[in-house]
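Both of the next two complexes hold chain A, though its partner changes from chain B to chain C.
And now, the complex of A and B:
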């Protein structure tokens, strides 16, 4: 793995998303936040900050997810279809370097987006009535980890299937990932061992994205422990690496013509 | 192209070469040939039943250092599949390929290889300059001299003035030139060009031909593919005619030109035909006023006629290629569907 190749590919991907005006999504985020404040304020006497925190953190994940689904799912496939990939891989660039560079580039975009949204969010919370909790930084960090993992899912699917299917599967992985824990518990309540095993299989095959969801704790003032942050980091990075290695294996055998 | 600038500083292909002042790369150990392809085979699976479609079968050829080697074949003959296999963009089913002495599957084998795809398509959000900087990073070119190198290749392909325009605003011909520029970046010892004249106007085609000749003179080895016979005839030292995924015939420039015939256009000497030199009377030229058309069935005869004209103080107006050896050969291969 040549770091210069990976950084060049990442920078190019980041620049592409920025020049494709992906940051308009951030502006939409700001508008959604302001609009929700205006609408919800009269309805939430004394809990405006809590509602804003909940809506704001959820909006960050949703907008990040939109970027991953629309950009990440087609990232590799688009280059294969247009043919931009052949001039890159005809250079002394390994296929895994290429894939990792693309992944890193989209993560740079997500990082920039989350940073802008988090700053906007913090400023709004500071002006809102109620208590501003610095715990929201933990929630933003976990949202970043979740989006990183979803990005790896999108990159994996984009090497295997068409852009549309990759987007659908990525979205599916997001939904199932948030439900897998509940599914597992539901499976244990069933009488048959088959349902239990099936629920277990889903739980272990799909990353459990609830690990990254601490919105409830942040909103209600519960602590987010360092141990949980550590575990979530290991879990997110581990899953991302596994998916990227699998994607690299698939992509190494891909025919480009 | 316009404002041609020599990229190489050392014409010897085995010597240290660089476009960056003060920077030299250690010379690679010399290898006998620039490219060696042995029994390259590639098929494709298609449809629900995964039926095997023929791509290329048992293609073998060797490209000598410093020559222009052409793959000639009609559309769908297997030229692009061959090139994709050479660059490891496609995985061959069988066969062995070495690029500058290294196995083609090793990414480092492509460090000294420039590639122009058939339909170059680049990132539209970038400018020409940014695109070449990006490729410069992928080629591990030293950052200190990269801007100088980019300016040099852009000038060489006549794109210096358009280098700061976004690619989505460039014409097809300009994109083709930029494609050539990215292939030249990194001072390649081996250039692989798939239909390099595609999308170019007559001036552009001439510029590319001149550029390729200049690169050959500087020691660069070039493999080009085309289905346009005159382009290849004007450039190639060796031609491999590909038909139905196989090399049907490989021939050298001498073999091609030996199969061509010519008409020499000249003026008749003063006096009647009985006063003409003996060689001219034997040649039985067609006469229209003072203009003479003398037929030469091959290059040896052409050489003799030209020497005789010179010896008889007859001015030669032009030499017309009456029948191109390569075209005949190519057509014969297509008709017979195999070797000739």
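And now, the complex of A and C:
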């Protein structure tokens, strides 16, 4: 794989998303933050700082998820349907390079979006009763890792099924990813050892997205340990690579017209 | 031109139809909405269904809680589901301390149900062992409601040990100890406040209270606790 090819494709994908006016979502984020400070403040009764922080950190994940689901799941399929993919692959660009480039491009968009949203969030906290803490950056970083993983899921599904199905499956993966711990606990409550092992298997075979959720902890002033950040990085990057390799395998066998 | 006017008119008509139909629906469902909390799911279910957005869901329930309480104050309901809503908020975000404090205050001030109010605060303390405000509120309730000064003092002292404690907790602990008859402990607490407080007002108050307590202890030592009568000027 040639890194120059991947970077060129990533840059192109980034420009494409910018042209699609994805960054309008950042404006919506700003509006949500304003609403949570100005409009909702009479209802917060002493909890304004907490609610603002909760809403801000959660909105970053929600908007990132929207981008991944709607852009990521149609990214590859759109080019396959338009036939533009053939033009790209006719050049000395490998199929895996193409997928990695697409994935990286959307991740660049996510990085830019999260960075702008984090700055907006910090600015809003300066004007509201809340207080920006460096702890919040760990939550933003873990949200980025979570979205990276979901992006890999979207890329994987976009190589196998139609755009709509890929979007549905990606959302499904997000839901299951947040429920995997509960599924495991549910399995442990069952009487038989088979159910327990099955639940354990599901737990390890499905990405556990709760490991990236430290929003509650940082809002209440708990620090996120360096160990947690390190393991979450390993876990997120590991899963993303697994999914991209699988996607590459599927995509390499795909017949393109 | 006529076509454009026609389109505009039809848009306005349709808008009116939409608004009128929504008003009709609001009237139809107002009776249902009154009892909607009957379908309020449990906190356990909400935790799983929130998909990692537990705190935001707790915030949303907090808004509902405030509105529900506001409606109660205007005679719109009897706060029947207060406990259910508060438990759900606590389950979703056990460290949302305002929820414990307000719910306990409502049980105390609106219903006079002190055991329930204390139960909620104790649950809050269990989930937030290092939060001074909740311990202080328990102490305050013992101080004001059942005048159990030794118990109130213990809670104030525990509150004063928390990392987010201010002078307030120590001051109340010292006052409660004095009310409970533990002058020596009260003296120690005021001395501690005099040393640790950065507020000049608090230092003045502590110095004044120390003088008063030392005098009381001296009188007690010489004349006994039950002494009634003129105290010599020397004291």
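One rule holds for everything that comes next: the second predicted complex is superposed on the first by the 251 of 257 C-alpha atoms of A that agree within 3 Å, B and C clash if a C-alpha of one lies under 4 Å from a C-alpha of the other, contacts with A are read in each partner's own complex, and residues count from 1 in each chain.
The definition used in the following text is that a contact is a pair of C-beta atoms (placed from the backbone, for glycine too) under 8 Å apart; a residue touches a chain by one contact, two chains touch by 3 or more.
Just so it is clear, the model here is predicted, and its values are computed rather than measured.
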item: Fit or clash between chain C and chain B when superposed on chain A; value: fit
item: Touched partner set for A:160, first chain B, second chain C, both or neither; value: neither
item: First, second, both or neither for A:87, with chain B first and chain C second; value: first
item: Which of chain B and chain C A:213 touches, first, second, both or neither; value: second
item: Partner chain in contact with A:122 - chain B first, chain C second, else both or neither; value: neither
item: Which of chain B and chain C A:20 touches, first, second, both or neither; value: first
item: Angle at the Cα centre of chain A, taken between the Cα centres of chain B and chain C once the superposition is applied, in steps of 10 degrees; value: 160
item: Touching partner for A:12 - first (chain B), second (chain C), both, neither; value: first
item: A:58 touches, of chain B and chain C: first, second, both or neither?; value: second
item: Gap in Å between nearest CA atoms once chain C and chain B share a frame through chain A; value: 29
item: Contact residues common to both interfaces of chain A (with chain B and with chain C); value: none
item: Sites on chain B touched by chain A in the complex; value: 44, 80-81, 84, 87-91, 107-111, 113, 115, 117, 119-123, 125-126, 130, 134-135, 137-140, 179, 182, 192
item: In the complex, chain A residues that touch chain B; value: 2, 4-5, 7-9, 11-12, 15-16, 19-20, 82-84, 86-94, 253, 255-257
item: Residues of chain A defined as touching chain C within the complex; value: 40, 43-47, 50-51, 54-55, 58, 61-62, 174-175, 178-179, 182, 209-210, 213, 215-216, 219-220
item: Of all residues in chain C, those that touch chain A in their complex; value: 48, 51-56, 58-59, 62-63, 66-67, 93, 95-96, 98, 102
